[in-house]
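I have placed the structure first, in the form of C-alpha cells, so that the comments after it can refer back to it.
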Amino acid sequence: MYKLKINLEVNGRKINKEVNSHYRLLDFLREDLDLTGSKEGCGAGECGTCSVFVDGKLVKSCLMPVAKASGKKIETIEYQGTPDNLSTLQKAFYQTGASQCGFCIPGMVMAATSTLRNNPDANIEEIKEEMGGNICRCTGYQKIFDAVELARDVISGKLDPKLLEQYSKPKDSYLGANVKRIDAPSKVTGRLKYAADMKMPNMLHMQVFRSTKPHAKIKKLDLTKAKQVPGVETIVTCDDVPGIDNFGVFIEDQPVLARDKVRYVGEAIAAVAADTLEAAKEAISKIEIEYEDLPALFDSEEALKDKILIHEHYKTNLVKHIPIRKGNVEEGFAKADLIVEEKFSTQAVEHAYLEPMAGVGYVDSDGTLVIISPSQNITHHRHMMAKIMNLPIHKVRFIMSPVGGGFGGKEDMIYQGMLALCAMKTRLPVKYVMTREEDIISTAKRHPSRTNYKIGLTKEGKITAVQIKMIADGGAYGCSTEGVMRKAAILGAGPYRIDNLQMDTIGVYTNNTPSGAFRSFGALQTEFATESILDICAEKLNMDPFELRRKNMFVAGDLTHTKQKLNSASIGTVLNELETLANWEKGAPNSRGQIRKDLNSNDNRDSCFLGARLNDKLRLSGGIK
Amino acid sequence: MAAAWYGIARTAAMDQAGAWAEIDDGGTAKVLTGVTEIGEGILTVLAQVAADELGIKPEQVTIGDNDTSRSPEAAHAGATRQTYMIGNAVAMACRNAKDRLFSEIAKEWNVEKEILQAHDGEIWANGTNYKMPMSDAVKICKKKYGVVPVGSGNYTSHHTGLDPVDGSGKPWQAYVFGGQVAEVEVDTATGEVQILGIWACHDVGKAINPKGVEGQIEGGVVQAVGQALMEDYQQVEGHTTTGSFAKYILPTSLDVPKVTSKIVEDLDPLSPLGAKGIGEPAMVPTAPAIMNAIYDAIGVRIQSLPATPEKILRALDEKKRKSNGKSIN
Amino acid sequence: MLRYDNYFIPKNLAEYFDLLLEVKNYRIVAGCTDILPWAREGRAGDVHIENIIDITNIKELDLFDIKKEKITISATTTFQKLFTDPQIRKDIKILPQVAVWFADDQIREQATIGGNLVNASPAGDGAPAFLTLNASVIINGRKDKQIYERKVTLDKFILGRNKVDLQGNEILTAIEMDNTSGYGASFEKVGHRRSLVISTVCVSCVAKTDASGKIFEDIRIAVAGVREVPCRLSKTELFLKGKNINEDNILAASMLELDVINSRSRKEYRKEVLQNFIIRAIIKSVSERITIQENYFDLTKEKQLEGLSV
C-alpha cells in the first residue's frame, strides 16, 4: 500500500506520521490514532457521525482525504471532555436524556458545540438548521435540542448551572424518578467502544462476497485467484460449516453462506479473512462465480400461486398464515347500516440504526468460540451457533457489544456465523464491519403489506363486523415473518369490541430482501389500516373520531379478538387525556381544514423553512394548516 | 387522531427472565442479568429498580455485561419486554438479596425483620432509634455474620399459544393502550407535508423513568414520521434502488414535529413493579394519525405509505378534477 | 472505497500544469464531497485512481473580489462562504439562500462552487443561481508553456449532463457574476425532506422593481432539476420586464415556459411544482417592495385546470 507523510495537530497533540495514502481523515483518526469517538455511520457524508473540527470548522471527516488535513488543527469528540470532566454541553446532554443508543451522539455534541461557538444566542430554529446535517434514529431529536438550549442558557448565564446536576424524584422512591442515564457519560464523550471500534492484536478483517442475482443456482464458485491475494488467511463457504447449517428467528431456514443457490440480491456466498481490509476487498473482487438464473418472484400475490418455489423442500411459498375467527361476519355485515371497503398498503422500511452491523469473533484460551456483536438476542444466537458449529453450548460465548440502535434489525444472526467460521479456521481474531450500503441491501426490512379491509357499523357508530386480509412480503428467508403475522393478526383490528371478526394475515416468500423484525412487528401495518378506516367511517357518520373510538373501545371484562378476558383496559382514560392534552377541536374528521383555531400554541413548532439564520422572513404563509 | 394497543413481552409463548443481585461493599450493588441495552434506557431503569428495592442510590448500582457465559438468561431485546420481564426479575433478585441482609441486621438489632426499611443508602428499624448507613450494614452482614447478601430472581409471563383455527388464546398477560393526535401543514404548491405537532398519550403501567418513556415516545414518533412521509425501501426486479442514505430518506432535525407526551399509569396487577412498556406502542398510532390529519387539512386521504409530496399533489389534482365534474385521467 | 496511490496538492498554476504532464491516470478534486460518496457500492463501487490532484491550495485560486458592478470569486470558494460572508448576505441575496439549501453546514465547509459547476449535475443548485447573476466562468490553460485565460458565459460552459467546456489541461479558476445590490432574491427547492436533499425542482429568481415598486424593472429566473441542463426562462423574463407587478401578470408569466421540462421521470409532478415555484419565486423576490397574496393563485389555477391547457 502507498503511504504519505502527514504533519498535523490532533486534540492538542502534534502528530507526525506515515499513513495509508487513500485513508480519509476519519480512517486516520480511528485506525491510526484509536480515536474511535468519530464514527462511520454511512461513509458518504449523510449522517454526520464523523463530524470533527478542522481549523475550527466542523466538517464530515469521511469526506476528507487525510492529505487535506496535513498542516491543520483537528479537534475530535475526545477533546471536548472526559466522563469525569464533561463540557457544559455534554453535561446538558446528560441532563436532558439526549443520548439513547449513543452512536450519533458524538457527532451531535460536535455539531452542537459548533453551533454554539458560531452563535452563542442561537434560537431553536437556528439550532435545528445548523444541526440539520446530523441524523439520529433513536431520540426524535427533541431531547438533543433541549440539551443545546439548556447549555446555551447556562453558558450565557441565563440559567443556573445547578440545573445541570439535579433530577426530579418522588420523595420515598426511585421508581418514577428521572434518574440520568447511567451510560450517558461514556456516550457523550465518545469513549464507549462499539464493535467497529474494537481492535485485537493480530486481528484479521473479513469481507463478504454477495449475490448479485435474486434467484439463481450457483454452478461454479472459483476461489483460486482470490486465495492468492497476499494477506488472505482463509476464505469460507457453506462447505466449511461443520454442523446443521441454518438460522432464523422463528423458522431456521437461512444458511450461514448460500448453499446451492441464492435467493436474494445481497445474500452472502463466501467470506474472506485477510490481514488488511484492502486485501480482503481485493480478494473479494477476484472471486469468480457462474450462476444459472432461475425465474424469480417479486410480488407476494404471485408467489402465493406456488408456481415457482423459493424453498423447494417447503413445497410452498407460504411462510405463515394466522387466522382469527370470532362470531359470524356475514351476520355482522347484515346488521350494519354502513359498510366501508378499502385497501391500504405500507412499504418496506429500513431500520437505519446509525451503527452498521459489525462484530469480532475469536477462539479464546480454553477453546471457546467467542463472538462479540451488537446482537439483540445473544441467547438465541448462542443456541443456533452451537448447532451450526457443532459445539457444546457452553463452548460458545456471545458477548453483547454496545448496540448503536437495533429496532429489531439486529435480531437476525446474519453475519456472526461467518465470523465464527473464519475465527475457528484461522484461530485468529476476525473483525467484520458492514458498510452502510451492504447493511441496507443485505439485512432484513419491515414487512411491506397490502391490506383489504371491510367494516360494518350501525348508524350510531357501533362496529358490527370486521373482515381484514393482510398479505405481507416476507422476502427470501423466514426471519421473523411468523411472529410478525401473528402479532399483526392479534392486534390488527384495534382496541375495540368486535363480536364478528375475520382476520387473516399471510406472510409469503419472495426473492426480495428478507423481511424481519422491526419495532411494532406487524401491528403497525394492520392498525394503520384500522385507524384510517375508522376515520373514513367517522366522516360518513358525521361523528367526531374520538367519539367513534369511545363507542367501540374495550372496557375491563371485555373479550379480545382472541377471546381473552381483559382485566383492565385503559383506552378510555387514554382517549380522555389525549383529547385534553391536544386541545382537540370536536367535530367530524373533515371539518378543521383550512384554519385551525388552536395554532400558535406552545405545543407545536413553527412551520419549518430553511433560512432561519438569514434573519429575514423568507417564507410566505403559503399552504394550508 | 388515532388510537392503538399493544401486547407486552413475547407473543403467545411463555416468556422468562432471570437475574442475580449482590449488595456489595460500600452499600453499593452489583446486578447481573442478560439485559440488552439498545438505547431505550433499560440499564438506567434496572439501576432504579435495584436501588429502590435495595434501599440505595441508582448511581451506586453496577450492572454487569450481557454475556451468555457470564450472565443469567433474560432473553432478548424486543417485543417491548425488557422493563416488564427483566425489571421484574431484577426486582425479585434484589428482594432475595435484601432478605438475606435484613435477616442478619434483624439479628444484629434484635428486632423483627418486618420492621426494617432502607432507602437512599440508609437502613433503619421503624419505630425504634436503630439506624445505620447501608455500607455499615453490609460490613456487619459479611464480616460479623459471614453472610454475603446475594440473591437471585426469576420472572415469568404466562402466555399461551393461539388456536390454529380461530386464533383464540392468551398471547399476553399485559396490554397497553395509547393514542396520538397529529397536526400537519400541507404546502399545496409542492405537496410537502410538515408535521408541526404530535400529542401522545400512552399507558405504560408504572413509569419507572418518565423522561426515558418520553424519549421512547419521541423517538418512536419520529421513526413513524419517516415511514409516513419519506422512507421507502424500493427494489426493482430484486435489486435495491435505495441503497444509501442519499436515496433512502430519513427525517432530519428539520423534519420532526414537537412531541408532547402524557403518561397514563394503569398499573399491571401481575407485575411486581406495576410497569408495562412503551418501546413499540409509541409508534403504532402515528402514521394513521398523520394521514387522518392530512385528510382533515386538505380533504385527500393517502392509503398507501409513504405520503410523498408527489402523491399528495396528485391526489389534490384528482380531487379538484372530480369536484369540477371532470373524469379522472 | 476510493483507493489512490498519490495525492498531490500543487501550490500554483505552473506546478499544476507541470503535474498534468508528469502523471497519467489522474483525477482532479476540490472539496471531495462528491467523489467520496461516488466511490461506493451501488454507484461506482470500489475505484482505484493512481493520482489525485487537489486544487484547493493553488494560490491563483485564492480570489474573493467584490466590486460595485461585478464580483469575482475563486472556483474553490466554499458554499459556506456564500452563506456567511456579510457582503454577500447584504448585496447578493440569492447566494446565501442557495447555500442554506445546499447539503448541510459540514459539507458546505468543504464543497466548492467550482466543483459543483464542473460536475454539472442536472440537480445541481449552484448553476441556476449563478445563471440569474449572469455568471461567466474564467478558465486557465497552458499552451506552449504559456498560461492563458479565457472567459465563457455560464450557459455556454455547461454543455450537458456532467459535461462542461473544459478542453485539454484547462481548469476552472474563477466565476464572475453581477453584483445584485438592490435586487430581491428567492430560491425555491423541493426534494423529499427539508435538508440534505437532492432537488426535484429548483427555481432561482432575482428581481428589481422600479422606484415606485410597482413595475418589474429587471427580473431573471433560472430553473434546474427538471432538465439535463439548467437554463434561464428568457421568454418569461421578457414578458415581465416593464410590466406591472400584479397577480394576473405573474400567473400569465408562470405558464409560458413549462415545456422546459425534459426530465425522464415524474414529469407531471415537476410541471405542477415548477409553475408554483415560478409564481412563488417572483412574489418573494419583490416582497420587500410589494406584497402579493399567494392564495389568489390556488383559486385561479383551478380555473386553469378546467379550461387552459398546461
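For clarity, chains are labelled A, B and C in written order, and residue numbers in each chain start from 1.
Note that in this section contacts are C-beta pairs under 8 Å (C-beta built on N, C-alpha and C of every residue); 3 or more make two chains touch, one makes a residue touch a chain.
Predicted model, so just to flag it, every value in this text is computed and none were measured.
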item: Chain pair, A-B or A-C, that carries the greater number of C-beta contacts; value: A-B
item: Most centrally placed chain - per-chain CA mean versus overall CA mean; value: A
item: Inter-chain centre distance, chain B versus chain C - centres from mean C-alpha coordinates, in Å; value: 47
item: Averaged-CA centre spacing for the pair chain B and chain A, given as whole angstrom; value: 16
item: Centre distance in Å when chain A and chain C are each reduced to the mean of their C-alpha atoms; value: 36
item: Touching two or more other chains - residue numbers and ranges from chain C; value: 37, 40-42, 194-196, 280
item: Sites on chain A at which at least two other chains make contact; value: 44, 46, 129, 132-134, 437, 441, 608, 610, 622
item: Residue numbers of chain B (touch at least two other chains); value: 188-189, 240, 243-244, 246, 252-255
item: Partner chain C, residues of chain A touching it in the complex; value: 2, 4, 21-22, 24, 43-46, 48, 51, 54, 57-60, 62-65, 67-68, 111, 114, 129-130, 132-134, 278, 281, 285, 435, 437-438, 441, 608, 610-611, 613-614, 618, 620-622
item: Parts of chain B lying in touch with chain C, wherever the complex brings them together; value: 188-192, 229-230, 240, 243-244, 246, 249, 251-255, 308-310, 313-314, 317, 320-321, 324, 326
item: Contact footprint of chain A on chain C as seen in their complex; value: 1-7, 9, 29, 31-33, 36-37, 40-42, 46, 52, 54, 56, 80, 83, 89, 96-97, 100-101, 103-107, 109-110, 186, 194-196, 280, 283-284, 287, 294-295
item: Contact footprint of chain B on chain C as seen in their complex; value: 37, 40-43, 190, 192-198, 201, 266, 268-269, 272-273, 276-277, 279-280, 298, 302, 305-306
